[in-house]
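Below: a set of structures, written as structure tokens.
In the two complexes that follow, subunit A is the common piece, with subunit B as its partner first and subunit C second.
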Partner chain A sequence: MNAMPEFKTLIEEIDYGTPASPSEKLVTLNIDGRDVTVPEGTSIMRAAMDAGVEIPKLCATDMLDSFGSCRVCLVEIEGRGGLPASCTTPVADGIVVKTQTERLDKVRRGVMELYVSDHPKAWNPDAGLAGTEFDKVAAMVGVTENRYGTDGRNHVEPGVAPGNGSLNIDYIARDESNPYFTYDASQCIVCSRCVRACEEVQGTFALTVSGRGFESRISAGMSENFIDSECVSCGACVQACPTDALREKSVLEMGRPEHSVVTTCAYCGVGCSFKAEMKGEELVRMVPYREGKANRGHSCVKGRFAYGYSTHKDRILNPMIREKITDPWREVSWEEAFAYTANEFRRLQYQYGRTAVGGITSSRCTNEETYLVQKLIRQGFLNNNVDTCARVCHSPTGYGLGQTYGTSAGTQDFDSVEETDVVMIIGANPTDGHPVFASRLKKRLRKGAKLIVLDPRRTDIVRSAHVEAQHHLPLKPGTNVAVITSLAHVIVTEGLFDEKFIRERCDWAEFQDWASFVALPENSPEVVGQLAGVDPEEIRGAARLYATGGNGAIYYGLGVTEHSQGSTTVMAIANLAMATGNIGRKGVGVNPLRGQNNVQGACDMGSFPHELPGYRHISGDATREIYETLWGVKLDNEPGLRIPNMLDAAVEGTFKGIYIQGEDILQSDPDTKHVAAGLAAMECVVVHDLFLNETANYAHVFLPGSTFLEKDGTFTNAERRINRVRKVMAPKNGLGDWEVTQKLAQAMGLAWNYSHPSEIMDEIAATTPSFAKVSYDYLDEVGSVQWPCNEKAPLGTPVMHIDGFVRGKGKFIRTEYVATDEKSGPRFPLLLTTGRILSHYNVGAQTRRTDNVVWHPEDRLEIHPHDAENRGIRNEDWVRVQSRAGETTLRALITDRVSPGVVYTTFHHPTTQANVITTDFSDWATNCPEYKVTAVQVAPSNGPSDWQIEYDEQARQSRRIRPALEAAE
Partner chain B sequence: MTMQLAGTDILARTRSVIDEHRALEGPLLPILHGLQEEFGYVPAETLPIIAEALNISRAEVHGVVTFYHDYRNHPAGRHVLKLCRAEACQSMGGNAIAAQISQALGIGFHETAKDGSVTLEPIYCLGLCACAPSAMLDGEPIGRLDADKIDEIVQEVRS
Partner chain C sequence: MSHDENHSAAVKAKLVRMANQIATFFKSKPHEEGVAGVAEHINKFWEPRMRRHLFEIVDAGGEGLLPLVLEASAKIRRPSEPVTPAQAAEADADVSG
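Let's look at the complex of A and B:
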């Protein structure tokens, strides 16, 4: 059978003009002779579009509330006078609407003519083909003349100052300050869609209309350049603009795209859907996809604009080998690289034993790729020495929620936040780390939901335009368990718990045991407040609000997990939600905000040494048998080594080879010196990545990776949503990451033969009950699903634990506070905690290779003015940060966002080496490192530390590449 | 544009004006009026302070300040003369009056005399149409403008 030729088209989403009405009551009206039935409260504009009648519009778009300023969308309604705007007029039963009459035509043309008379001279009526929304509306309305001439004060050539001595006092130079888009006031029709997008969609309020009448101009901040204003470069305004006033620079440079493909962002765990808009094989721009259920048409600066790393000159495109890490790299063919690697792994296993090798899967790669890496290790290496970077971020989530609820994932979808009344954010900084979710959250907060924040730092969500937390508990790093248990103390002792829910859904005896524990006086806010540095009244207020304020939802991040008591904190959070009945319906729940795009997926796919896909323990005979039958090997029934164990074993000399896909353990894992020692002790380190990352300094084989634009697959986001990643261009390195792993497996003698990632997903679905109904065809059909997706839940599971917990009865677990061994004292009096910033992502390997560096060129140490003054530190001074583990230097940023006694930094830049100072303390249950608490001393410094200088030199040496020799004639 | 940070004096005076009005419902306009009274204009560097205090963006404050012509972004002269330029006054010879005043004061609209004595501003309807052409000097309405009244006004602002 011949396949139909595949035509590539530009996906144009229908813009209904105004948001959907949530009403369940239906209303029938007649539009242009057709009867249309829509929910009450729908605008006439939207109802018409529903019926396939497009009413021209300029100031309306369905991402924004109706505004009614452009006067183009006028209609006639029988029996009513005048010409009402269809965007602001709601439907009514039985009304008869005309969208096209001679009178309307005339009025619309008159209005459009006025707009045109104010538009640059370059505009012409045929420009409709050029493709801005303005052009299309002009074509639709049929503007054929301009009786007002082109001499108006606003009527300037686009971007060109008026010449011929005719100075135009209203001319404003084009604002090119943002690296990704331009603002050209001459093109602007002041429809204020950008202003409203910034307010309603993004929630930053960085834009306004300055002046009035003819002097009205869109202004960023106080008529500042965009880059100096409050703008966070999310791109919502650019997307909303119906003219070229706000336009992506890439479109101005490359022209308009001709086809597009829907795919999923590869940055954070929100998992936004985007249209990759293409011109041939070149990516012109990424536009958020309105159908995307995680982001609903919104984006942040990373997903929208920061994709330039995929073509950055640093990207390595050829495989490379070297015998010793002191040698320069030698470029080789793929065949040689696979043969060499396979030989090395086999040799190491022969020489040092079956368990002397292992691998690490990546939370940045697809589910399919992750599945293959763990399969290679289990089936090919015949051991369970597989771990994933989730070890260092959300492994306590898996453990904690698994123990209490029976499943290792968040309980809600992101839409749930729209029905939340009280939001509690613990150890997360959503406006920086998960910006698109933060925008949805802020929208809800502006509509009246209450906010509680537990964070040592005053993050933006605590207080920023139109959002203010009712309670901010600036707890000392390391005291999460005490403070959350103290919240439970208030709920229990004041009788605010939900007895009905607990009796129905949990074990009452267990609850009573837990209740008697939390009610102990040592868990009271008065005692805990002292040790955590929080006002006891704030703890009491927060607990009361969460327990009694309506639907309570908890969102938490790495500030919860990356502690020596990370798992305990997760359990304490789970207890809190159960005790108040905030589980199992919309608007409530416990939601980990995942750091990376596919942390959830990597965990789901059996990346942990003790678990097969779907969180089934390796010791389970039935589960093992499924894979043993399919893979034709005997699987080890004992868990393998975790990352820190692998490194320890390497230092001891029993672990010799590792395959690391898409993770930079040297930069992202704690105690850099220990990681370096472990890697240096291995005989074959294989790094599979886009760039020569820091870990690659210790690698013997480098396998070039492919970007998310270059392969098919799926990512699973923080709400368990399985989203498709679609290939929009051929891999620049020649092979998708799944193909690399497959070829390596083949070189090791495994009979793998996947011709497309969909076949890998089919294998996952066939072997994993919670994925049973997932296939690429099904995902194409329904867009995305949230696991579990099987016979019982064919459309997936937006909200979990609705009728009962996955494990049966919800389990209350005592959460005794045990202070970390990492304590401040006379030598190290300050506590260092770490975090992220909006414009950068994780270790920055991608975002540092984009123009995002204009926002954050270096990591800074945030320090309270008192602590700074004590030490004679001024803003921007170089300071040395010293811990028990090591020292580094960076520049200081003096701010009262941090409390006295606490310092804070980001870890986006390798030169900062924040992890040189973090210690090797880790979560008692999962080994998740305690990044968030390090006792340090801070002192003025002259510049980089010896380690930083030494390290830079070593990195420079180890990145030398000797190109392949030209074949001799 | 680089933003000038407010000096301690401006900062303290701004804070006290804000504190006076912030409890009101819709405190922004009263605060701006208060600042104009305090400083004679609304200094640009006070805008971020208002934004911070009211927990709104500085863009929003800027949008409001620039919308109303009455809020000045620089100090006015010691006297402010507002001359009505609306229809009724124009029909009663307002254009000629405007030209005479402008000549007598030596300044055009939106300008301040070099000696800082007076600022001339157009205004669109004082509601004194029955006594057109009209003006307002330092808040005092003046009706039926003619050459004599212009002389008086000039005397007043020059004294």
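Let's look at the complex of A and C:
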């Protein structure tokens, strides 16, 4: 179905004009002499396209509901008068439709002629444009004459600016304010597809049609520039526009793309499918792919536009070595880099012991690359010192859901939200962190689903255009377990649980034990509300709504996991879903919103130090034997070190070398000074990355990485969906990341010989039961699959735990609230929590190297007006934020989004050094750091802290590069 | 020298804290299950170096450790002890995801 063509072509998706009808009832009609059978409710336009008859259209596209304004798609229906629009007329049994008649041709030509009279030719014909839908329709309809002339009132002739001999009062200058696309009002035909895309697809409502009749113009916000309006630059309007009125600047500069490949975005865990549209070896644009099952044709500003980092001048393309981290870098050949690194790791193991080295796999790299890094460590280093960035984000999800349900992943696909009646969002900010899923969610909310939000901040989803939460519980950071257990208290004591489900699917005795625990008075909303700062009635209302409002689905993020009780909170969430029977069908479930593009995959691929791919514990003899037989070595059966443990061991002197692929632990991990001390204590730090990131300040070897555009592989998104990543250009550094790891392994004496990533996937499938049926050929055939994908589930598993839990019976676990030791007090009276923003991604290494910085040039400290006034802080003032771990400075942003007593910042910019203040406290089960709660004091400041100044200087020094010497003749 | 001592004290304080956090979670379970839970968790997730430090603390009297950790320590593998066949079998029996 989605088989990729071997030769280079531009993939053109069929636009059916109107959305598919979900009806199961079929009707048959006749179109142009052919009988067509389609679901009831389908438009005539779509039915015709189904039968291969394309009716010309301008205002219709299948991403949007039909609108019926352009009058081009008219048809004749036998026995009915007039010429109905085929987009708004539904099919009916037995009707006879004609799409081509003399009368229709004449009317369509007349309509198009009027459009053309007020539509200039593409304003830059040299750029190879004139390939818009509008141009195609004009050709299709056969407009041969224009009796009205082309000097229409609202545009000027190409190349003639207003005031230059042809002053035109209706002319509106092009809006170039958005860095990625241009709005040229003179090209606009007011079909309103952009307005509707902004509403229906994106849900931002930033656009409108202002004025009436001939004065109608598309207007962003209150007739503002796009950049000053509410526009979030998702690109839906640009994609929807049938003319060049809204057009990517890259297309205007480079011309139309010539060939394309379907691939997967390398930003967040939504895992959107895109067509990478190319001209030669250059990427012209990324266009969301409608058949992508995660995004269904939508995108956000990051995936759609922020790919410029792949060609940024900061990218390092040659391997480099230095003996001491105070030396400048020395560019070397790949051979020298591999030989040096292999020697160093062998030396360290000889000198300090087998377990003195380890590595970190990347949640940004492919499954295949991640698999290879853990394989290198297990087979080559002969230990289990491998970890991944999931340690610092969703490791509690793996543990908590594994314990309760038996699977370390979310239970649904994203489509499931379309059948949800009550959405509960806990500690997640989807409109910023997972924007494309947020759009799908908001669409469902606008259609009537109810919303409950548990978050210390009033995030955008709490109240935005046509969306308002029924209950927002602005709980104090660190009180998740108390509040969620309190929801359970209400459900149990008010008898709202689903006894039938529990008796069938869970252990009834365990439920009773749990129920008696949650029913204790200390878990009542009245008691918990006090300590969490939440109105008890809101807790009761939220619990009743979730338990009785129909299909209830929980979506959660790092606000759940990054706490001392992160794993306990995940279990509390799992309990809640089981108690109300909200698991095992469409529309319900427990859904972690994963941070990085392949963090699910990195976990699946055995990146954790205690388990092999497929979440099988390393101490199991049978599992180890599978790999021992294949790899020809004896594997260590003891768990290895986790990232924080590696750093502790390094400071202690027993851990000396590390291979870090695509991860910037110095910026992303907590307690920066401790991370720096750990890295500084090692003798060989190998950083494999696109850029000299912060961690590279402490590196001895730098191996240049490749972008997702430059290699084949797979990413697994938050739905467990395995999506193909397809190479569209050669690696600029010469080697794909999988090749780098392979060559390093070869240098260490391992007999690896993969010639293509598909062979790595074959090895994964052969050794991991939940991947048994996955192969590149199969993915080409079916598009994507959600694991488990094997004999039992050949098409993958969109919804898990349908007839029972993976572990057998669902397990209710007591979740006792334990206040974190990180408490506010007289010295540190405020609680700092952290998060992110739409335009940036994680540590910002990629997005800071794109035009996305126009939206967020620096991290700011959000503080409530009350707390700011007490401290004499004005908006935009520099403030010092101090915790027991350290201090940093940034500028204040005064807002009542945060409650009094809570402050908030993002961590996208290295100069902010937000993690200098976060502490080494962590989740009890997984060591996931407690980023979300740090007791701090905030005071006015003059500028950067001493640490920031020293750090800047050290970073500058450590980035010096001495180019390789030219060999003498 | 004093830096190393500081560090080793800090590492031990951290391990005590981590072990107690685990015990605090399992405290709400029936006692026997709680003891077994703490031991299993540490056996499954703590690298031998970490367990070695834990036993240094336990053997020195267990200062700062919650009683549940001390009780569980009898079932925690010392770094020199191999994984038992029962533990290996249990790990194999775990459902993979």
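The rule is simple: the second predicted complex is superposed on the first by the 943 of 969 C-alpha atoms of A that agree within 3 Å, B and C clash if a C-alpha of one lies under 4 Å from a C-alpha of the other, contacts with A are read in each partner's own complex, and residues count from 1 in each chain.
Keep this in mind: a residue touches a chain if its C-beta (ideal position, glycine included) is under 8 Å from a C-beta of that chain, and two chains touch if they have at least 3 such contacts.
The structure displayed is predicted, hence computed values, not measured ones.
Participant: With the two complexes superposed on chain A, say which partner A:220 touches: subunit B (first), subunit C (second), both, or neither.
Facilitator: The answer is first: A:220 touches subunit B but not subunit C.
Participant: Give one of first, second, both or neither to describe whether A:465 is in contact with subunit B, with subunit C, with both, or with none.
Facilitator: first
Participant: Applying the document's definition of touch, where does A:622 land relative to subunit B and subunit C: first, second, both, or neither?
Facilitator: A:622 sits against subunit C, while subunit B stays out of touch.
Participant: Given the touch rule stated above, what does A:204 touch, subunit B (first), subunit C (second), both, or neither?
Facilitator: first
Participant: On the A-aligned overlay, A:483 touches which partner chain: subunit B = first, subunit C = second, or both, or neither?
Facilitator: A:483: touches no partner chain.
Participant: By residue count, is subunit A touched more by subunit B or by subunit C?
Facilitator: Partner with more touched residues of subunit A: C.
Participant: Is A:799 in contact with subunit B, with subunit C, with both, or with neither (first, second, both, neither)?
Facilitator: Neither partner.
Participant: Check whether A:652 is in contact with subunit B, with subunit C, with both or with neither, and answer first, second, both or neither.
Facilitator: second
Participant: Okay, in this complex, where on subunit A does subunit C touch?
Facilitator: Per the touch definition, subunit A meets subunit C at residues 355, 384-385, 402, 406-409, 517, 564-565, 567-568, 609-610, 614-623, 637-642, 645, 648-649, 651-652, 654, 768-770, 788, 806-808, 814, 816, 818, 821, 920, 922, 924-927.
Participant: Okay, in this complex, where on subunit B does subunit A touch?
Facilitator: 1-3, 44, 47-48, 51, 55-63, 66-67, 69
Participant: Subunit B touches which residues of subunit A in the complex?
Facilitator: Going by the criterion above, the answer is residues 204-212, 219-225, 228-230, 463-468.
Participant: Could you pull out which subunit C residues touch subunit A in their complex?
Facilitator: 7-8, 11, 14, 17-18, 21-22, 24-25, 27-29, 41, 44-50, 82-83, 87-89, 91-92, 94-97
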